[in-house]
């Protein structure tokens, strides 16, 4: 084990970890937005929106994120979408994880007892009011943990953007492997940083879950 | 509204699920202040009929009128939504499984709809909640969460929640059948109290004794039709039809062995 | 076993949850073929007592003996496990909520334990399942899944499942109180049939009428003690204690309003 | 640059063969992740601390690091301590264990959620704890999480693309190979996406069938 | 893109800088040093060419799988990443150069029984890097080919004994072994052409191509090229 080398390069890994963190945060936000929209579409009264929602989930869950990224980043310019690599990474991964989050959010919403909707509607509350004040507050508790799993997968999935020239944690490791021929040391560094990021994210999610449960 | 218009008027109600006809042409008028019990075997369509009154399970045929307004009016979606949310405020409903909102306190459960729909201020809504909880004897639990209440207490809160909308009629769908026998009585007392205040009520129940002591009229339903209808003394003591007799006999065996 | 040894003998049973004493020194002997009912208000300890008999909720003091074998023997963990799994085969138990195994068919529910524990062949286990289902009138449902059965049917299957182990005594914990009133009767019939076959039974129930017509002896429990005990005619008609009288009065109000 | 699919047919056999490898690795890894998940879940809930805690650490590593890295360590790392796994086997183990850990989380929650009455009923019949777990509790827990486990399996299909790093010529690698020859990335990635999608539809179909079958067993 | 109408040279001049792409993981040609900077023969050549054209350079590192896709999608202007010039690639991109040449080489472990190219038959496992020209070549020879992500993996696998021989550019491999302290043997009797490495640009830019070629030629003439080659590779590799 070449600890000297590890000591020398670890600051650059820290910097790369920061890129991974930024990517993860932005992707999470975009993914949640897509998930919320997707779930709304899938639960819509209108068949057209339901179809859109279903097609979105099916296509984006049905093909590898890597290929979606390639098509967005390399294929985008052909239809006039010019994105830099980081933007493409966030948008590509965000839309991809959004499809998974759609299902998570939808699942939590339909898991709320139907009697709750009935009771609220019986009082004269509208569909929207019922959703906002009765169903969503209850669904929120149910969805935090499964969304946490989505986020965990997303953080690890950010490694894919190496393929479109974003130098994040995994590609930093790979570049150093290329020049130092020390794969184990480099992966040890990146692996440890991933574990820290994922640990912190996990704690944050557990905290949110606890908060929601107490409320 | 002139005096000849019935208070609640259900005309030729029909309901099918696919090819299964669950309600077969039932008509019923209820006067203001009248208390009607609906009894009948499981699957006879009692719940479906009750839930049709506020259009929760829309009828496939027939009309429901409350004080001269048609409840189940055919309207374009948006107008219908507006209309039905208005009408439902006049029709309180209490379910077998309470359906309290678990994320809100007792107070929150009661004030949610009045605040949202009637624009009550916090202070007014609170006053309203206290009044209604007092009415069902639950004032001391106003800041509890539903999970901290017994079944009977939950049901009394559910009743208070419905009452807080000042409904013109209350529908009860087996309000006590999910309760332990000892807890039934406290809910029955609340319903009796409402009866003494001349609240119009339609009560689906399995408790013949309670029906007998509280109601003005009893409907016996079976397989989607009203088999027999009349004052409790007649229905329970001298039913005309064989089916009613059979049901009552079995039922008493079931309850008293 | 000599004739003076009681069939089922519970001696000075005590049970606490922390500082809460739930069973306070109850002794009870039951003869072979005897049918005992336990009644009492909610929280009085009926379930706890019943579940102590097969050591599902172990007692904190006292002994349970069945046919000369101590059920709640203190043994090292592994030996205890072996012992208790053996003994429990002799003690059938039926719960309020059936607890059928939802992932297994009716047949699977009944044959699981005999196959695993008694090493019955598929053919023998099937024959056994058919016999027991016939006994509770459910033979035609042998290949249904529990989700396809009504509550009463589920409970009859649960009884058949317990009977398939050929138990020496059957414990019933409010076997009918989760059922719709119409479905209660069918389960009561099965229990009556077992009574006529001289099965030893201990029945926790809320149905006084049923207890009266089936049982040889009734125990009234309250707050962890047996307040009164005797033949049903005495307990139900002429109870000695004030507490029993109170309970029975309230209870009748609850059921019949 | 317009799309030109005329180069595709020449490589179709390579792509389809890659598709078969993808199916093979997905099926094997899915099975491993399923049974491994049950095993880990039972260990996590019931094993004594000496077994449970190391297992927990092991799960932690799998939960906390990217699959890419795990595959690399299994394939290139284990051989240095004398465990020489063929790439396919290493891929199956990496993918399988990675998702087994996820499945284990699901199954643990479900085991805890199985109605207490089920264990009681089984114990009352005289079944031992182990027997009750095996025949009554675990089957129900697994049944309850079939839909989310199905999700994991579909994610596994997509992640099988990563096995290309250790040289298993699955679908993504085959597409890359064709791209390497023709320099037509879009065409081949699109073709690969379609093949993935078809495999995915197949899996969804099977899952729906299973879900319908278990719906009765609730 | 309307490449045919407007040559990109103009646009580059206007912008004042040129983006050049490489994997960043192919020492000594391009790699990251311990200061996390991308250095090596390729960036040096690319920077020098740009300088002679009056342009700044911006270096992009990207995984090899997508490197041509990125060029075609206009994510950068040239690939100066040790890309071998092949007929097939030339159908998709234009090449400036070659800016260096190398030879294909086959390596074995020092104690291997394989001492000649002729001994490589169907039982011999041949490791190559995915997407390199060597992969295609090895397949054409009918070898039992296994593909990997890059040279580090190839060397590991050769060391681990999971492949018997590897096929790679001679220079990169020799330098890597030196650095790594490995003592692999090059099969002596491989008959192979020189392989030229070129700078890939988008097609339809004759002026850009000519300008870059001119810059390359001039640095070869005035000795700058040799200086760079000596610094990074340790010899002239024209």
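Here the chain labels run A, B, C, D and E in written order, and each chain numbers its own residues starting at 1.
To be clear about the criterion, a residue touches a chain if its C-beta (ideal position, glycine included) is under 8 Å from a C-beta of that chain, and two chains touch if they have at least 3 such contacts.
A quick map from chain label to UniProt name: A = Nickel transporter; B, C = Polar amino acid ABC transporter ATP-binding protein; D = Amino acid ABC transporter permease.
This is a predicted model, so every value here is computed, not measured.
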item	value
Any chain in contact with chain A (Nickel transporter) as well as chain C	B, D
Chains touching both chain A (Nickel transporter) and chain E, listed by label	D
Farthest chain relative to chain C (centres taken as mean CA coordinates)	E
Chain pair showing more contacts of the two, D-E and A-D	A-D
Rounded Å distance, chain B centre to chain E centre (Cα mean)	80
Gap in Å, rounded to a whole number, between the CA centres of chain D and chain A (Nickel transporter)	19
Inter-chain centre distance, chain A (Nickel transporter) versus chain B - centres from mean C-alpha coordinates, in Å	46
Contacts with 2+ other chains: residues of chain C	none
Touching two or more other chains - residue numbers and ranges from chain A (Nickel transporter)	70, 74-75, 78, 183
Chain D residues counted as touching two or more neighbouring chains	1, 76, 185-186
Complete list of chain pairs which touch one another	A-B, A-D, A-E, B-C, C-D, D-E
In the complex with chain E, residue positions of chain D that touch it	1, 76, 79-80, 84, 87, 164-165, 167, 169, 173, 176-177, 179-186
Interfacial residue positions of chain B with respect to chain C in the complex	41-42, 177, 180-182, 184-185, 188, 206-214, 250-251, 253-257
Residues on chain E engaged by chain A (Nickel transporter) in the complex (per definition of touch)	21, 23-27, 31-34, 36, 60-63, 65-66, 69-70, 72-75, 150-153, 155-156, 176, 179-180
For the chain D and chain C complex, residues of the former touching the latter	115, 117-118, 120-129, 131, 135-136, 139-140, 143, 214, 216-218
Chain D-touching residues of chain A (Nickel transporter), taken from the complex the two chains share	59, 61-68, 70-71, 74-75, 78, 100, 103, 146, 149, 152-153, 156-157, 159, 170, 183-184, 187, 190-191, 194-195, 198-199
